[in-house]
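Heads up: the structure comes next, in structure tokens.
Just so it is clear, A, B, C, D, E, F, G and H label the chains in written order, and each chain counts residues from 1 on its own.
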Amino acid sequence: MDESSLNRLLERVAAGALAPHAAADELRGFEDLGFARVDHARALRQGATEVILGQGKTPHQVAAIALALAARAPTVLITRAAEDIYQAVLEALPGAVWHASCRAITLRREPPPAGKGIVLVISAGTSDIPVADEAALTVDMLGGPVETLYDCGVAGLHRLLAERERLRSARVVIVAAGMEGALPSVVGGLVDAPVIAVPTSVGYGASFGGLTALLGMLNSCASNVSVVNIDNGFGAGFVAATINRG
Amino acid sequence: MDESSLNRLLERVAAGALAPHAAADELRGFEDLGFARVDHARALRQGATEVILGQGKTPHQVAAIALALAARAPTVLITRAAEDIYQAVLEALPGAVWHASCRAITLRREPPPAGKGIVLVISAGTSDIPVADEAALTVDMLGGPVETLYDCGVAGLHRLLAERERLRSARVVIVAAGMEGALPSVVGGLVDAPVIAVPTSVGYGASFGGLTALLGMLNSCASNVSVVNIDNGFGAGFVAATINRG
Amino acid sequence: MDESSLNRLLERVAAGALAPHAAADELRGFEDLGFARVDHARALRQGATEVILGQGKTPHQVAAIALALAARAPTVLITRAAEDIYQAVLEALPGAVWHASCRAITLRREPPPAGKGIVLVISAGTSDIPVADEAALTVDMLGGPVETLYDCGVAGLHRLLAERERLRSARVVIVAAGMEGALPSVVGGLVDAPVIAVPTSVGYGASFGGLTALLGMLNSCASNVSVVNIDNGFGAGFVAATINRG
Amino acid sequence: MDESSLNRLLERVAAGALAPHAAADELRGFEDLGFARVDHARALRQGATEVILGQGKTPHQVAAIALALAARAPTVLITRAAEDIYQAVLEALPGAVWHASCRAITLRREPPPAGKGIVLVISAGTSDIPVADEAALTVDMLGGPVETLYDCGVAGLHRLLAERERLRSARVVIVAAGMEGALPSVVGGLVDAPVIAVPTSVGYGASFGGLTALLGMLNSCASNVSVVNIDNGFGAGFVAATINRG
Amino acid sequence: MDESSLNRLLERVAAGALAPHAAADELRGFEDLGFARVDHARALRQGATEVILGQGKTPHQVAAIALALAARAPTVLITRAAEDIYQAVLEALPGAVWHASCRAITLRREPPPAGKGIVLVISAGTSDIPVADEAALTVDMLGGPVETLYDCGVAGLHRLLAERERLRSARVVIVAAGMEGALPSVVGGLVDAPVIAVPTSVGYGASFGGLTALLGMLNSCASNVSVVNIDNGFGAGFVAATINRG
Amino acid sequence: MDESSLNRLLERVAAGALAPHAAADELRGFEDLGFARVDHARALRQGATEVILGQGKTPHQVAAIALALAARAPTVLITRAAEDIYQAVLEALPGAVWHASCRAITLRREPPPAGKGIVLVISAGTSDIPVADEAALTVDMLGGPVETLYDCGVAGLHRLLAERERLRSARVVIVAAGMEGALPSVVGGLVDAPVIAVPTSVGYGASFGGLTALLGMLNSCASNVSVVNIDNGFGAGFVAATINRG
Amino acid sequence: MDESSLNRLLERVAAGALAPHAAADELRGFEDLGFARVDHARALRQGATEVILGQGKTPHQVAAIALALAARAPTVLITRAAEDIYQAVLEALPGAVWHASCRAITLRREPPPAGKGIVLVISAGTSDIPVADEAALTVDMLGGPVETLYDCGVAGLHRLLAERERLRSARVVIVAAGMEGALPSVVGGLVDAPVIAVPTSVGYGASFGGLTALLGMLNSCASNVSVVNIDNGFGAGFVAATINRG
Amino acid sequence: MDESSLNRLLERVAAGALAPHAAADELRGFEDLGFARVDHARALRQGATEVILGQGKTPHQVAAIALALAARAPTVLITRAAEDIYQAVLEALPGAVWHASCRAITLRREPPPAGKGIVLVISAGTSDIPVADEAALTVDMLGGPVETLYDCGVAGLHRLLAERERLRSARVVIVAAGMEGALPSVVGGLVDAPVIAVPTSVGYGASFGGLTALLGMLNSCASNVSVVNIDNGFGAGFVAATINRG
């Protein structure tokens, strides 16, 4: 916390506009809701958008955390949210928007931070689109602009090779693929940019819920590939936006 | 794309029967629906039947892809479809047929390509029949004729040995088995033809959803056995039809 | 410990032939060597042959335990022994015999207990013989007679079917198999006797050191099959001898 | 098929009481229902009770197989049946009885075959009772008499040690246990009889659906233990009855 | 065994040229060496070349089996042999040849059976060549001709795309790949022939000894791919030769 | 059972206040309900609170066991209970209390045993609270007092470092964490007390239901960490209370 | 660092007895050797004995770290050391002692800190002794006194039950067991003290290098058991000593 | 290949300085050595340094590939090389340098490409240094400058927190950690830069050769973390250099 921020904070306490307890929270960098220690310091460090993982929390918890964040940050992203979470958040924050394909909620009161190039999000198949959409939305909120290229799996290479120009013009590439997860290796060989591979749980039988795709990507023979968790479109988008802003 | 196809294409554009955008798609060999890059080149290369994996796609997506394929290919096979997918496809393509035992949809407007011999599909148990049926249907669509022999598990060998003649007369054999997955090894020792083994998820406990059968088949002491994914009756049928047409 | 044994014990103490400490050990049913609590009660309960697992013990430890056991039991079996263990045991017990194929040591000063029927040990391949031999030796020491039938894998069924008579005349059957481990299911379907399946680590790649054979046997579609640990020929022989004596 | 059976068969054909097609089935030892090759030879070989695994079959299939078996065998056991299977079977075979705790169906028109001793079924906990009950029912149908001893887990040893007499009087012991699956080792050390261990899927977290109990039992330091599949109470009962009849 | 073979056999017995014991073996279709039941029937059924898996057998055992086979079959292939096995075989069969790259031994006294097309063996990397060579040698012995194309991994696609003509002219394609095992999917999309994928143990870390490549291949999005065990170049070659002869 | 207890027991029998059968149960240390052997000896040994694992038992079984325990112990804890179990218990024991966050039931008729220090329960995230609450409730019943500190994950270290004083003042620390399970290592480095780590199933994809957190904790580079099963808040609490009372 | 320590430090700098760089290290609480940041703060917090994990470090690195630690701490423990490490350490610290059974090195210049009770270390078998010895040595260095009880596996319960008095008199119990890892559950049921279970890699086949024992212990039905990593005798000893000192 | 390159190429052919076969190779972008298709196009696309994975290749193969690359690229990096590979390379390329700690070989005839910021490589422990060194060397060759910070594991946080300034000044951070792999999460929470996590195989028991660290990193609660294969310091360095150059 820089000095001017500190002064403003103390002035608000002096003016009765901020309770001493809340000021203490702020000085420590987080706000204690009992069930959550909302991390305001992170926002200052890692960009203006705050993120909440919806899964595993009650609608009430998510809404309360979102409200606490929205009191300070102009932009909030909630991932892996069920529809009842959206209802609770919408009540707390009327401007919240629902993104059905990837079950995310956004609150956006300022234009997002701009990156230095284009982030390209590629999906291997149609079924990988929800994960790819989560990645694209995250980039858009945290460091776009973002473009997408869907259903370019390796068994029909001409669908990918037809887009070589777009591939090479991207500053960062995200590739979402399930089943054997081979697409990042092929894309990695075609571009010079860093490739963030996100395995999806698309498949059946020996795809083991995305484990096969994950292992394939970790063993990629293309050296510019790094990997995030299965179905973690958000993580891929966050890493890509971080690189694109850097 | 050979020259006469190219000429016909350009004539359709000239005649206004084909939009320039669609012609571009065709020249690239695929058609971009946004959520899917429908691969028309594949049909030309790998037989007249187009295949859609229904699982993981919305009914709307499957119907739209089916429609795009049916505009060019006389025959369409949709696997792993739920009934709501069938409703959507039936609306788009009134001749579509539902195959309940293996949850597949077919559209067949021409007789299927004929292979050079008989493909024999064997199931180890009654519970493996849905997977075996998917394999048999696929062969029938892509390179039959196909025959079936169901419930011939290794614990009652006489049920299999009684059919030695039919085993030996097949040009390709598919064996679907769950639990310990031992049947392909026994069949492999009785025939000279290639055996495509398809493990099923039939079983419980340490069958681990078909993993045990899969591992067993990969370690078959019969040398003429190769393996496809768990419950992948379609894949087994596709490989068998490819061999039978070759 | 029955009364006459107890009397004999006390008389030996009175006569100075047994130290009080050793008598206490005997009354508790085990003898404490510091690094081992030698279980003499077990011998009384489970047959006259004492068994030592050689693996993981030093030659000195094995020899000391063997010596303690041989002081009371007429017969000792040491499994999974390296040759340096044999040297140490031979020095302590000059009558000890080395069984090279299964790396076992025996000391036999009385005829072994006889079972009620024949135990038949079958191996799927030539490479499974060491494990099958360990099983056969164990049966021979604990409850034979034993017969063997080696290299009858399922990919050449006629090699097994030629022996149906011997299969059906056995009171207990042991089947050792690696790779896909399918043989117990086939044998189980041909006999009415209990079948003890012992997976071996024979194989490579996806045999995963015997795991595939183990899983296959646990999922056997023959209901008369139970299973012991990978490469545990001793365990299979012990269970079979127990049944055959019962 | 012995000669008198053969003569009776042919006389029934001659008398028009048996269709030639059905006679052929019988001579081959099985009856082909299309979706199932009902194995009548097995009944002759492995005791008078026929068994159907209900899981994975439709109610119609189970009822048809049960009907075919009941035409020849006096006793039928159907395991892993849902209630809709019971309804279908009851309609086909009015004397069928539902066993709720282990979801099994029995048809019993003759007293079951008697074994030579008592089979004792032990469960580690209350939650393991459904599996233990399946084992006990199977023994009762195939080679009892059977006794039970439930909730004797190793963390309260006195509950087991209080029953040493019953343990030692059994000819075969079955032990069903989930979680760490330690009970078979302890029981195995207390008895001289063969112990059939059946791991259950009782537990959570790192019990991995019974895998932990299974692995524990396979590594039992008691040598008289062999193992069947997770939750396979039927298999444990079948093996125990086979031994008890032998 | 057809009639003329039978007659010749009996004449040799009558002439004292064949011992009655050996004739019995032949009638049963195998020869019992004690440690091996050499399967002569298999040769008659599955082509003139006999195969021995060297791994897990002693040099003496391999040499004895090879000698028995060579007494009847013109061609013998021994895979996974160590050099001491080669020494023993060479002593028994002076014409035996050592293939260092894949550690195989061949005895070839007749030209191999010819297939109907070309089998093309592709390796993803330089390190996969030993497995690819085993596959190529097997095809060459059992149903070639065979061609090879090495080091065409997916991260440098132009190395593969430069060979499209050769890819399309093959009747069967074998692809050996380690690490992420993506090459079969790409090749499968480029050809209409059946593709036999053989995962190799090339890689480190999360390649888990070839498991990752195996899983990737089983989940291939190309439908014409079937799979054999890790490092099983022989199996891939055997299946390919079987198809190519068919 | 000490002498005065024994005398009291016998007097109750003499007075007709205790049935001989029940006295026998008590002398053996457990009470046999048929489906459960209720372990009263354990209560005497391990503190006055009896615990029932609700999962896997029917409401009737849990209620009957609770009733049997409550006849002797002042305090009962039932974990992993569904609401229908609570209804059955409440009917049997009207004072029973429902703890919704961790689905536990308590009956508390005496103040709980006091430990020697404070047990601090820390959760990494908001979603880990149900497991942390189960741990805290267990400590409170068996050896508190207990304090909690929730949502202190390692990606925002200042949230934890702000509480160093509380960390250091605890006599035992419990840490519940899902996902990568890193928090116990960090906490372990900050305190001198024993740390009980409880992995939670919070996460998705490659968290594999808590396996990743479990493995991470077992490999903790902090030496004062030991681990319990996934989601086993009860076990962590029990161990912590045992230490705190000791 | 308390004030008097700080003053002494600064006086040494002023006197030229401590280089400013070294003083800075000390103020930060660690000393930077380039390849290691030696943590002196930990010693102050967690007892006077410093510990080095020998495995994975070069002899030179271990000796240098040991020298740095010995400059401040009276006692040093080095675990998992090879003999060449011992030679290097001995040269640097002549008083260092080699413990062959568990491959540890100790330097002890002060009596170790005393705990409040006895720590009892139990091993299931003879082969588990190296791990049990590592635990016992660690307790002895960090918070003993320690006693041992070896070879008390569950298949011969009388060997354990004979020692009930010693079991119950311990303040903390450590149990080392391989194979099925059942002993901690049995011991846990016999004592009221906390039990630290340490799985060992003793076993073969499906013991999977100790994984089976680890899983069994994590699923222990005794509630007072917590677990450390496979073969981590040091960790078990550290936790036990921490509890015993507390 | 741009036009001037093409012209120069053709001039060399015309001048006899380049064989037509070699020119063809160059036009296709790779050079075919038989056992390797050396990818010159990659160098043009992905920076001037060519990389060879030494593991799995013979010294002769590596030297030949290195020679081919060095004919065009100024800089060559060979990873995972044994010393015999270094001897062969040194003979072919006298300027080659051996890096013992990470077993790499470099040939550097031009200053490496410079990135836009500093890449900071952190290791959790001393044993992780070889992997960290491989990463640092790779960055240095492909896009440094690079700095290192070793032995900062999470159990002694002050060792890391003392370096916050250096952490925050890095443009990309690489974290190498074994055991529980927790360090990337902690570092990820302290910096705004992208963090590349590389799990190492350091550890024992349930570290499963680095699998635990890998899984932990994939589940990192810090969103700016992506992951490469176990022990893949090269891959981490390549990705970091790619980002730093971009």
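Here is the rule we use: contacts are C-beta pairs under 8 Å (C-beta built on N, C-alpha and C of every residue); 3 or more make two chains touch, one makes a residue touch a chain.
All values reported here derive from a predicted model rather than from experimental measurement.
S.K.: I need the common contact partners of chain B and chain H, sorted by label.
M.R.: A, E
S.K.: Among all the other chains, which ones are in touch with both chain A and chain G?
M.R.: Intersection of chain A and chain G contact lists gives F, H.
S.K.: Tell me whether chain E and chain H, two copies of the same sequence, contact each other through the same residue numbers or different ones, using over half shared as the line for same.
M.R.: Answer different: the two copies use largely distinct residue numbers here.
S.K.: From chain B, which chain is the farthest off, judged by mean CA positions?
M.R.: G
S.K.: Of the other chains, whose C-alpha centre is the longest way from the centre of chain E?
M.R.: With centres defined by C-alpha atoms, farthest from chain E sits F.
S.K.: Fit chain A to chain F on CA atoms, both being copies of the same sequence, and give the resulting rotation angle in degrees, nearest 5.
M.R.: Here the rotation carrying chain A onto chain F measures out at 90 degrees.
S.K.: Using the average of all C-alpha atoms in each chain as its centre, how far is it in Å between chain D and chain E?
M.R.: 43
S.K.: So what's the Cα centroid distance for chain D and chain F, whole Å?
M.R.: 37
S.K.: Please tell me the distance, in whole Å, between the geometric centres of chain E and chain G computed from their C-alpha atoms.
M.R.: Their C-alpha centroids are separated by 53 Å.
S.K.: How many angstrom between the C-alpha centroids of chain H and chain F?
M.R.: The mean C-alpha positions of chain F and chain H differ by 49 Å.
S.K.: Residues of chain A that contact two or more other chains, please.
M.R.: 42, 125, 155-156, 189, 205-207, 211, 214, 218-219, 223, 229-230
S.K.: Where do chains touch, given as pairs?
M.R.: A-B, A-E, A-F, A-H, B-C, B-D, B-E, C-D, C-E, C-G, D-F, D-G, E-H, F-G, F-H, G-H
S.K.: Would you pull the chain E residues touching chain A in the complex into a rising list?
M.R.: Counting only chain E, the residues touching chain A are 124-125, 153-157, 179-182, 185-186, 188-190, 203, 205-208, 211-213, 215-223.
S.K.: Considering the complex alone, what residue numbers of chain D touch chain F?
M.R.: On the chain D side, the touching residues are 125-127, 129, 150-152, 155-156, 158-159, 162, 202, 204-207.
S.K.: Show me the residue ranges of chain G that touch chain F in the complex, using the header's touch definition.
M.R.: Those in contact with chain F are residues 42, 45-47, 51, 117, 171-172, 189, 192-194, 196, 214, 218-219, 223-230, 234-236, 238-239, 242-243, 246.
S.K.: In their shared complex, at which residues does chain G touch chain H?
M.R.: Residues of chain G touching chain H: 28-30, 34-37, 39, 41-42, 53, 55-57, 61, 65, 80, 199, 201, 209-211, 214, 229-232.
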